[in-house]
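Below: a set of structures, written as structure tokens.
Look for subunit A in each of the two complexes below; its partner is subunit B in the first and subunit C in the second.
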Partner chain A sequence: MIIPLDLALLFFLVVIGIAALTVKDLLAAIVLLGAYSFVMATVWVQMHSPDVGFTEAAVGAGASTALMIAALSRLERWSSD
Partner chain B sequence: MSKRTVSKKGEREAGKKEGREGADGEERDVIVDTVARVMIPLSQMFALYVMIGTEGAGGGFQGGVIFAASLILLATVFGVKKGRDVLPEGENAILSSLGLYIYAGVGLLCMVLLWGAAEYLNYGAFPLPVEYALRRGYLVTYAVEVGIGITVATVFASLFFDLAWREDVLGRDEGRRDL
Partner chain C sequence: MGIESLVSHVIEKYNYWMAVILMLIGLYGTIGKDNLIKKLIGLNIFQTAIILFFISLGDVRTGPLGEGGIAPILTEHLPWSAVEHAGNEATFIYASPLPHVLMLTAIVVSAATAAVALALIVRIYEEYGTIQEEEILTKEIERERAE
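On to the complex of A and B.
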């Protein structure tokens, strides 16, 4: 476990999470959530559980991003609030 | 340089001639087309490797998700209608229940073939002509995980197709084009 790398990854997680909550463009929010999943997969691998990281990369960054974009194709792209 | 000066219409005609015609008649980008044609078989092979390439349990769900991701890539590049042609709704339902039947059926076979001497899902007791640990490994790797993978892949692909599919105003099914 490398402490500076861990701190950097967790800092990235917080920044990406806040950005995904505040951004008005929903497509950008979905892409940010994909980036969040990818950084989270790196954190899992960093914590010596590569199978969980593998699942996170496959499901979080791959499949669920595609599902959310497919759902967005039926909605409005810009958040109203 | 001379290729760049060809008009947009000429490019579209060339794209149609090479079979790069999208669902709506427009030509697809050659980079997207080539990358999809290379990546779809590769990711399907990788999904099979994750499912059955390693000894021991684990990987059925992840392999199924990677296989579904290749189908989703196919549907986004070649159109949802083409994706539905590759995996029709009836076959999708059959496959997604077949995986569950494989999982439950292998567990039940362990019980049935030994006349109730072994428990449900006791793979080690399955009468195969190899030693105990190998029997369990073979059954889990080649039967149970493939069943899990089939179900997960078809259900994920079905979720995506149902979200991306669009009916027109008359209620007729029409694949969504501008995804």
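On to the complex of A and C.
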């Protein structure tokens, strides 16, 4: 049986999403969200929408992660849940 | 319609099921988590799940492995073009560009809302000294009693 590429990527996406919500280190959670955005960009390029994939890789994974880490430098790093 | 064709009809639409699962994960993060940054991460996951749903709507596929449509780019004059010439007219199937344009805007807006939310979280931390929602609520109640 051949597994479609985007089905494997979508399972990967679910795993990364759950991991980003469960880790207690907020820096790790933010970096996992960046990885989530990059996998999502790959899914969109695979779905024949490379423009959306480029924008997600630049804005969602790059700029958002930088903003979140900049904000986290003023906050506590560890979360209780 | 037999039960087997119904099951295969449901399984073929796995993009939508995954979008729904990601939406539920994001909803849990937004409501169930106590930390404000975790709530923001849940919101981000919810937004990308909705964008995934729209991109899936625009995609065209005729086979199980994603073959079918191409990206909405003019490929007639490219040497590697996969265009099949039927008679004199070039015919090719491409993914709908309308959801792409709409979701391009949605991605930029999601970055902007995340920036506003982070500014609010930093301000809340300066005011209360914590970003856990329970602790913020207890401090708020204590302040009201002190007044």
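Everything that follows uses one rule, which is that the second predicted complex is superposed on the first by the 77 of 81 C-alpha atoms of A that agree within 3 Å, B and C clash if a C-alpha of one lies under 4 Å from a C-alpha of the other, contacts with A are read in each partner's own complex, and residues count from 1 in each chain.
The rule is simple: a contact is a pair of C-beta atoms (placed from the backbone, for glycine too) under 8 Å apart; a residue touches a chain by one contact, two chains touch by 3 or more.
As the structure is a prediction and not an experimental result, all values here were calculated from the model.
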Self-check item: Combined model on subunit A: subunit C and subunit B, fit or clash
Solution: fit
Quiz item: Of the two partner chains, subunit B (first) and subunit C (second), which one does A:47 touch, if any: first, second, both, or neither?
Solution: second
Quiz item: Looking at the overlay, does A:33 come into contact with subunit B only (first), subunit C only (second), both, or neither?
Solution: second
Quiz item: Where does A:76 make contact in the superposed view: on subunit B (first), on subunit C (second), on both, or on neither?
Solution: second
Practice problem: Would you check which partner chain A:55 touches, where first means subunit B only, second means subunit C only, and both and neither mean what they say? | Solution: both
Exercise. In the overlay, answer first, second, both or neither for which of subunit B and subunit C A:66 touches.
Key: first
Quiz item: With the two structures laid over each other on chain A, which partner does A:17 touch: subunit B (first), subunit C (second), both, or neither?
Solution: second
Practice problem: In the three-chain superposition, say which chain, subunit B or subunit C, touches more residues of subunit A. | Solution: C
Self-check item: Minimum distance between Cα atoms of subunit B and subunit C in the superposition (Å)
Solution: 7
Quiz item: Do subunit B and subunit C land on any of the same subunit A residues, and which?
Solution: 51, 55, 59, 63, 67, 71, 74
Quiz item: What does subunit A use to touch subunit C in their complex?
Solution: 2, 4-7, 10-11, 13-14, 17-18, 20-21, 26, 29-30, 33, 36-37, 40, 43-44, 46-52, 55-56, 59-60, 63-64, 67-68, 71-72, 74-76, 79-81
Quiz item: Mind pulling up the subunit C residues that touch subunit A in the complex?
Solution: 14-15, 18, 21-22, 25-26, 28-29, 33-35, 37-38, 40-42, 44-45, 48, 51-52, 55-56, 58-60, 64-66, 69-72, 94-95, 99-100, 103-104, 107-108, 110-111, 114-115, 118-119, 121-122, 125, 130-132
Self-check item: In the complex, subunit A residues that touch subunit B
Solution: 51, 54-55, 58-59, 62-63, 66-67, 69-71, 73-74
Self-check item: List of subunit B residues in touch with subunit A within their complex
Solution: 58, 61-62, 65-66, 68-69, 72, 76, 156, 159-160, 163-164, 166, 176, 178-179
